[in-house]
Amino acid sequence: MKIPILYNLRSLKERPASTLTTAAGMALVVAVFVAMMALANGFRSALMKSGSPNNAMVLRKGANAEMYSGIARSTASTIAGMPFVARGTDNQPLSSPEVFVVINLDRLTGGLANLVVRGVSPRAMQVRQGFEIIAGRELQPGASEILVGEKIVDRFANTGIGDKLSFGGRAWTVVGHFSAQGSAFESEIWAENEQVMPVFRGEVFQSVTFRMADPGSFEGVKQQLEEDPRLFVDVFRENEFYQNQSVILTQILNFIAIFIAGVMAIGAVFGAINTMYAAVSSRAPEIAVLLTLGFKPGNVLSSFLIEAVAIALLGGIVGCVLTLPINGLVTSTTNWNSFSEIAFAFRVTPGLLVSGLVFAALMGFVGGFFPALRAARQPVVVALRQG
Amino acid sequence: MKFMRLIWVNLLRNKRRTLLTVLSVTVALFLFTTLRSVVTALDAVSEVGSEARLITRSATGITFALPQSYLERLRAQEGVQSVSWANWFGGIYVNESNFFAQLAIDHETYLAMYPEMAIPDDQRQAFLNERTAVLVGRGLMERFGWTLGQNVTLQGTIFPGDWDFTIRAVYVPDDPSFGDQLFFFHYDYLYEGVNGNIIPGWYVIQLNDPGAAPAAIDRIDRMFENSSSPTKTETEKAFNASFVTMWGNIGFLVKAIGTAVFFAILLVAANTMMMAGRERIGENAVLKTLGFQDGLLFRLVLVESVLITLLGGALGVFASKLAFGPGNPVSSFIQGFEVAWSTVILGLVMATLLGMISGIVPAWQAMKLPVVQALRRVA
Amino acid sequence: MALVEIQELTKVFYRDSQKIPVFDGVNLEMEQGEFLSLMGPSGSGKSTLLHLLAGLDKPTSGMIFVGGAHVTGMKRKELAAWRAQHIGFVFQFYNLLPVLTAFQNVELPLLLTSLSGRERREHVMMALDVVGLNDRSDHYPRQLSGGQEQRVGIARAIVSDPTIILADEPTGDLDAKSADEILELLKRLNEELNKTILLVTHDAHAAEKAHAVMHLDKGVLSR
């Protein structure tokens, strides 16, 4: 026979101050936990979405970032002509040799940012998937025009359609904005590669990205290109390349999230323990009565555990609700791997909210365990006399 | 204070509750202090750097190099004592997670400009005289367990291939925020290795007089304004500060979390004090009957509350200071990361504030307690 | 003026909007060295009278003078200070602080004075000696019997040499033997040390230990 949960829930109402302060403490811990994981989530997902497993990316051998790489025109054409490169509907190779530079612009919110300017081939948006012009139009070849990624618009000056942005000694007209499924590309400025090259890089591309005719054959493609003595290149799956770029920062963010939430949880659990011990001792007579009525110590144990978990879950729900407004909030930092600005949005997912609740329940369980044990082990006679 | 015994026995009344509360505060203040140190360390990095040294880099971006010809034109500027230059090497030591900054410098002029790096004379000479020599910060030596005279190989990324070096000198910075994990080698070595296909990354200019900086900055940037590589010149301080801003809005994030932590613990401490207060209603009534003033009871509760939080706070703050002593892992990302004494004091002040706020309601209740009703309840 | 003068004392309680009169126009005088008991049914206001005398409560109208001091005219802060010096209170349930030893409990009123630690010690040991408990000074209340606890309570009440001792049902929670000891102690305090005592009780046997017995019933005080 189980002790009715209603008893526990009513008891919570009897001590509103203690219940609420404990729950509020839990709420804050859960809120911080969910918020930090949402930050890490947002960053990771921006980089996970960057690049496709169907594309291969070629850099100069030894370069671990696009910025350090250099690929000659001849190399780029050789690669484009290879049989494993997929072809478009016009039977032209789906290959985009690209120029990659990082310029410095001031953020409107203050501080310096390293923005990526990517000089792309006209086929870039076809090679990559999931790109969409959300305002304005595509680039016209031969013009000093740029497309601005969604995450840059409004965060930097002169990024509206028709505005002129100056860098590299030239004024570039913004002709369009693009979105790329929340990936890192949304923090970039795109221009035509032939326009960017002479301004910055002489006659060298930084990368060649192409769609594989058979994505399953990546290993073979990699081997062939890397062993070719004419070429001197490294080959990556496009999405894996970007994921690797996020290694340091993801590690930092995850560590910080766990460290902070863990430490706060310890504090909150101690608070819960205090609350539950006080609850148990003030309700000693009631517990004695329950035991006298025939409820087993095991029932008393689970009863108090449920109560502790209930308080924690109450806090957990409030905490989760508190984090909802930050979902979609855009923030940015510098990805030190690629030495470029990456803007990403906090991502609060249902899964994350559930883990927040689970975290809360766990805190309640740990906090309530020893007090519940004491309640269960209480000698009946003592308690009755106290009453 | 003769009432200390009374306060003390009250604290010991429920040892478990007091201990858990103290530990909660410890844990929260540990976190608070550590987080705040991130902000102060980044601020300190922004403060490092001389006002009399300027950095001239490409206006387009830090990653763009400048023509070699600029050297003489910069040297010829009035008020300029000396000009040196450096390049970011960006190599990998063993694997990518062993990150540290490597700079190729014009060794003679550069070292002369940075008295902040304390180097034993014999080591300084050895470094200057040998082409493949490396000057390394003490923190880096400790981190990898290197010894003087050891060979170190870096895999180039910007400059491909394997590059061999020999450690000939170790420096100790006089300001930890300068960073003790830097790796300096000869620009000439790099130049040879890439067959002359390299130009200076940025120039460092030592002025005779820091007051001349604003004028010099203006002159230099205007001089190169319409050339193929326009420049952006700023004081070294400003240059360092802009690097810090690349992290993004860390300050806001840290403040937000710090606030959440403070309030979470405030709730725990307040709950404890309230529970204690509820238990002592009868006793407080008796004390008032004996003639204890309302104001006295108020103060006694408040002191009790502050003792708990101050004790917990002190433990947490000093634990943080000890945990992040010299050479701690965070200092590889953030130069000179440590817990400053000003942060320690701030932590103790926060702990005291915590005690006062969490105790205020029970203290007020004790003060306002209507004696007669309370006595009735006891009976 | 008598040591204690109560003039036209009226007390009315308000619960919600109901008026509950306790007593109306009560008068009383006590001389120095008197031992008076006050009897009456429960709810008759005996404890209330003690509270008013001690300045713990304010009357609806009327005046109280103790040792020449105008109690009913004093402000809260003054009252607390005055009470510490002039009133010794003995409770039915002893009301010792469980976290303090017997010594420390008796010392409490002295903490409010400017006596030095050594001086306080002297007074406490003297008080404990009078009640016959100086060998138990470092025991905690839970280590004492009911009678012993009350003796500590009495020691606490006399330690600052108050003008008057107010005892609210001091034997109400004790067995017959301990109750007798306590009453004998009070009598001794009165006879040997000339303490003025007002004892409130519903036990006629206890009341008879005093010089005189008064009755409080339906708000009327009578000898």
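When the chains are written out, they are named A, B and C in that same order, and each has its own residue count from 1.
Just so it is clear, a contact is a pair of C-beta atoms (placed from the backbone, for glycine too) under 8 Å apart; a residue touches a chain by one contact, two chains touch by 3 or more.
Because the structure is predicted, anything quoted here is derived from the model rather than measured.
Each chain's centre was taken as the mean of its CA atoms, and the one lying most distant from chain A is C. Of all chain pairs, the one joined by the greatest number of contacting C-beta pairs is A-B.
A comparison of C-alpha centroids places B closest to the centre of the full protein. Each chain gets one centre point, the mean of its Cα atoms, and the points for chain B and chain C are 64 Å apart.
Each chain gets a centre from the mean of its Cα atoms; for chain A and chain C, those two points are 71 Å apart. Chain centres here are Cα averages; for chain A and chain B they lie 26 Å apart. Multi-chain contact residues, meaning those touching two or more other chains, do not occur anywhere in chain A.
On chain B, the positions that touch chain A within their shared complex are 16-17, 20-21, 23-25, 27-28, 30-31, 35, 60-64, 90, 92, 96-97, 99, 155-158, 160-161, 228, 230, 232, 242-243, 245-250, 253, 257, 260-261, 263-265, 267-268, 270-272, 274-275, 333.
Put simply, chain B touches chain C in their complex at residues 2-3, 5-6, 9-10, 12-13, 282-283, 286-295, 371-372, 375, 378-379. Those residues of chain A whose C-beta lies close enough to touch chain B in the complex are 17-18, 21-22, 24-25, 28-29, 31-32, 36, 39, 60-65, 67-68, 101-104, 107, 109-114, 167-169, 200, 247-248, 252, 260, 263-264, 266-268, 270-271, 273-275, 277-278, 331-334, 336, 339, 341.
By the touch rule above, chain C contacts chain B in their complex via residues 48, 51, 54, 56-57, 76-77, 80-85, 87, 89, 91-93, 95, 97, 99-100, 104, 108-109, 111-112, 117, 156.
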